[in-house]
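You will see two complexes here that share chain A, one where it goes with chain B and one where it goes with chain C.
The block that comes next holds the complex of A and B.
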């Protein structure tokens, strides 16, 4: 156990949590971040884009170098990297979690902005007595309740070192309320929305498979083959029939080394048709689409990283 | 990337593609705006859809998917900036519904800038860009409800969509809205094809901003992507031919001893070649280390680890123990 503890590391810029250094670091970081935010807000508008571009480039550069630079092979926590190449590789590996933490912190601030937008719209609807304000009431009341119940439930569970709350009989008002709202309502409503897709698929498929053109006819035929191949009783009956036909076939001058002279007819099994459609038509087409999408993402990422993409403003 | 793990080929390939894209951006910026892009019906339909919404006096709905702030959502916002530009000119109301807080903040800034650029900042309604929720089906329910309540005339679903795609598309279809959709998730594209009027398939989604704006930078990037596709096609063709040659050599080498197991061939072999074998049949069955193995083929070595166990063992110094530890 002591050996394991001896290997605990907190990263290059981190210190032991809840220590004096940690508290000082936290305050200094907060002040620096607040200063940076105030400073950025005072920067003239025409300088903001270069600052954002430089920041994006530097952060992206770390990821690019992480991909390009060889990382130390089998480096154990208690070992010192050999030479500059390994040291840089380890440094890059250690920097990535730090960047991810910064991104997480920024995202949580942005979530606050999102919640503010939501609250502003719905409080506005209620105050202005607009139509459909009933939905706004439902949203605000349910969001407030699930936040309060969820938070209290979390606190109670984190204080429950003895694990009493594992047993439902020990649950209090807030635990039961959280369970009803989250597992009893929210997850069930999620499932309801998901199950709606089944009905929507039916109506969309009905429209898509109406035979109006050559393309829709081909689509209809291939869909029929695939659907029949997924229906076990039909597939079994069809394949058995084909196999028996092939076995019982009497072909003159057949090669005696071939056990079933009508072996070619095995290709008419519906599962083989479906596999052919999937393997020779569907998979190559999807891979081609994949190539296009990934190339598009590569080009877009490159433009963003190098600051060439000017976003929607230039459109 | 571990060089030893994946070899040099993947890295060289990606760097070549990056070079193609950057070179074509440079070339297009020098050449100007006269580069050809084929017609994409889904993007031509944008103006028609906005015109219809304007005539009907109903809003235009835009959803940039439910993904995080990444290249996909930025591209979707780029397209929506173009849609908003046309909507701002006609005074058509817009609804941009977002499921991610980071995307929301970027979208709001971009849409506000578009209104300012069009000279109508007073028409920008801060409530037109909305963060709804980050839960997938709650978002689906909210957007679906908005479609029915506000009876949108045109709906754009461009971005990263998952299971909720069909809920959006069918809801908008049921009220007769014109729909232009496109997803980078290939599993959702068939749903959009089945339910929407116009669909952007695959990289058409990324081509949209170049198609709509004809900016040399974006069009050059698109040409670079086409060069990359040619490179991929060529490498696939060369790859399967090379693999066929490699495998044919392997099969021939493995077959040769079996075919050569005749008394005449046996008589012609030297003692070294015969090894421990005592007859032609016995010699044909012996393992021959000089035969090509699958792992020796060129194509296999391009895509598979090339290290041996010895390379994984690296001698390094131990870290000095911190002061006071172990006492």
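The block that comes next holds the complex of A and C.
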């Protein structure tokens, strides 16, 4: 089975792109996939759970076997695997990129589903003439325009053999349109949305960051150390001053030009305090949190793989 | 009256102050001093010492919302690679919008090279753009298994405009497995670095350039040696640019001295720009942090003053 799967060619993709064979293959594949999707939706409710569970188990099994099964070492592409163990190992290795392609296509369907869902909701609002349909018009028109301009710009750039489009003087209508819509509008608005956080953080920190308990005092002290350590030009001057003091007191190896204070004076460097907080408090805490999360993910993964999870499959 | 006002500063005043302290320093283009972080030093040392003729993989998983940090990361990284004439393959597994964004950065750097009179970095010959892969888990697992099968179906145009397999390009022709890639660098605004570590850390050397928010979760991997280096947030951009301008552990006066690893050295970049976005934005960033510290301190001082004044006289006795 593995050997068979490993030999699977990508029907429509194995031929020359945009040729007649490619187009026919694409249509046939689409019809087959649509047929399979319709067929699965007509399956009686009591069979749905076993079908999903078996599919999940088989897909998961390939990854588990890939992890556990020994694989041939340094096997060249034209070399035949020796014996059943090597054959299965090679088959698993060859199947993995195929599964990655399937997973990529399935994930792309999610993007398509998102676009479909958005279009359905907003076209519905426009058709029903709801009061806020103006926003739906804005969304539909801007999404269509940015898609068309982006796609035409992409094709023009792909066909630009001599690299003329690197110069703005050679840009045409669609290149300029794409630049205005993507770089000029979308990019800037996205950045503006994100930069608003800075205003809220400042206002919230001023109002909420008050020393009212021991815990908040510890938090404030560590936050202050970390924030001060980020001001590296100021910290550079501070460290230079400490190193000069150390040199004045004849501390061995003290060198203000690096700056390197040496000896006890190292303890006065705020950047070192910050490194201590990061290395000895923050990182171990995060590692502990990660460890807990990953144990939970392992348990959840096992439950999903073995079909023990009751939710998630509509019956 | 003033005490009351300082205890409850109108948020519009705070917003106005923040705009002022971030916008005004942007006009200042002064070279700043810096104390570089250990993980930034490790990153620069690792990228600077990539063997000649090898190809680097760049996974660019950020979009416009984190442009302030990640754009600087990618620009600095590409400038280092271009200065050293290192070939690279760039792709994304994190966001469908990401390829459009990294193509914008590439275009900007091409224009910059042209302005500076530097030779163009040619697609297909010097770098390949492999686009977007929708499923991070599956794609990275497959890259770890057989990188050729993942990328061989990607067709890209050569210098003559012909559609060819990505593996016909000199960039990927010598890559048989991900182990042939000396460094796999993730530029990210999300946790895609976790996926890369899970799937690839045993097979190649990983490094990361991430936002300040993601930084703390990347540091355990640096401490454990799974990441060769990390550049975190705007400080990371500034660190890398500073190291590009001054070098690491060299005999020169300007060179950064990394006292924990004195034997590791890296030359400065002498071709093209070095100090750019990181140096330009850092003064604004510093002023914003100072404003944050000042407002928090003011709020607390005024709270204690108000509390002391509201205490009944008998308590003091």
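Keep in mind that, in the parts below, the second predicted complex is superposed on the first by the 209 of 315 C-alpha atoms of A that agree within 3 Å, B and C clash if a C-alpha of one lies under 4 Å from a C-alpha of the other, contacts with A are read in each partner's own complex, and residues count from 1 in each chain.
Definition applied: contacts are C-beta pairs under 8 Å (C-beta built on N, C-alpha and C of every residue); 3 or more make two chains touch, one makes a residue touch a chain.
Not measured: the values here are computed from a predicted model.
With both structures placed on the common chain, the touch criterion links A:138 to neither chain B nor chain C. Within the superposed three-chain model, A:278 lies in touch with chain C and out of touch with chain B [touch as defined at top]. Looking at the shared chain after the overlay, A:286 reaches both chain B and chain C. Once the two complexes are laid over each other on the shared chain, residue contacts for A:23 go to neither chain B nor chain C.
In the superposed model, A:207 lies in contact with both chain B and chain C.
In the superposition on chain A, A:68 makes contact with chain B only, while chain C stays out of contact range.
In the superposed model, A:104 lies in contact with chain C only, and not with chain B. With both structures placed on the common chain, the touch criterion links A:193 to chain B and to chain C. In the superposed model, A:300 lies in contact with chain B only, and not with chain C. Within chain A, the residues touching chain B in one complex and chain C in the other are 106-107, 110-111, 186, 190, 193-194, 201, 203, 205, 207, 286, 290. Of all the residues in chain A, the ones that touch chain B in their complex are 2, 6, 67-68, 70-76, 78-82, 106-107, 110-115, 117-118, 120-121, 124, 132, 135, 186, 189-190, 193-194, 196-197, 200-201, 203-205, 207-208, 286, 288-293, 295-304, 308-309, 311-315. Of all the residues in chain C, the ones that touch chain A in their complex are 9, 11, 14-15, 18, 22, 32-36, 38, 63-68, 96, 100-101, 104, 107, 110-111, 114, 120, 122, 133-135, 137-139, 141-142, 145-146, 149-150, 153, 155, 157, 159-161, 163, 216-217, 219-220, 223, 235, 238, 253, 257, 259, 282, 285-286, 288-293, 295-296, 298-300, 303. Taken together, the chain A residues at the contact with chain C in this complex read 10, 13, 17, 63, 66, 93-94, 96-97, 99-100, 102-108, 110-111, 150, 158-159, 161, 163, 166, 182-183, 186-187, 190-191, 193-195, 198-199, 201-203, 205-207, 209-211, 220, 224, 227-228, 230-237, 239, 257-258, 260, 271, 275, 278-279, 282-283, 286-287, 290.
Chain B makes touch with chain A in their complex at residues 1-4, 11, 14, 17-18, 21-22, 25, 71-72, 74-75, 77-78, 80-82, 84-85, 98, 100-102, 104-106, 108, 110-111, 113-114, 117, 126-127, 129-138, 140-141, 145, 149, 163-164, 166-167, 169-170, 173, 184, 186, 189, 191, 193-195, 201-207, 209, 212-213, 215, 217-218, 221-222, 224-225, 228-229, 232, 311-319, 321, 325-326.
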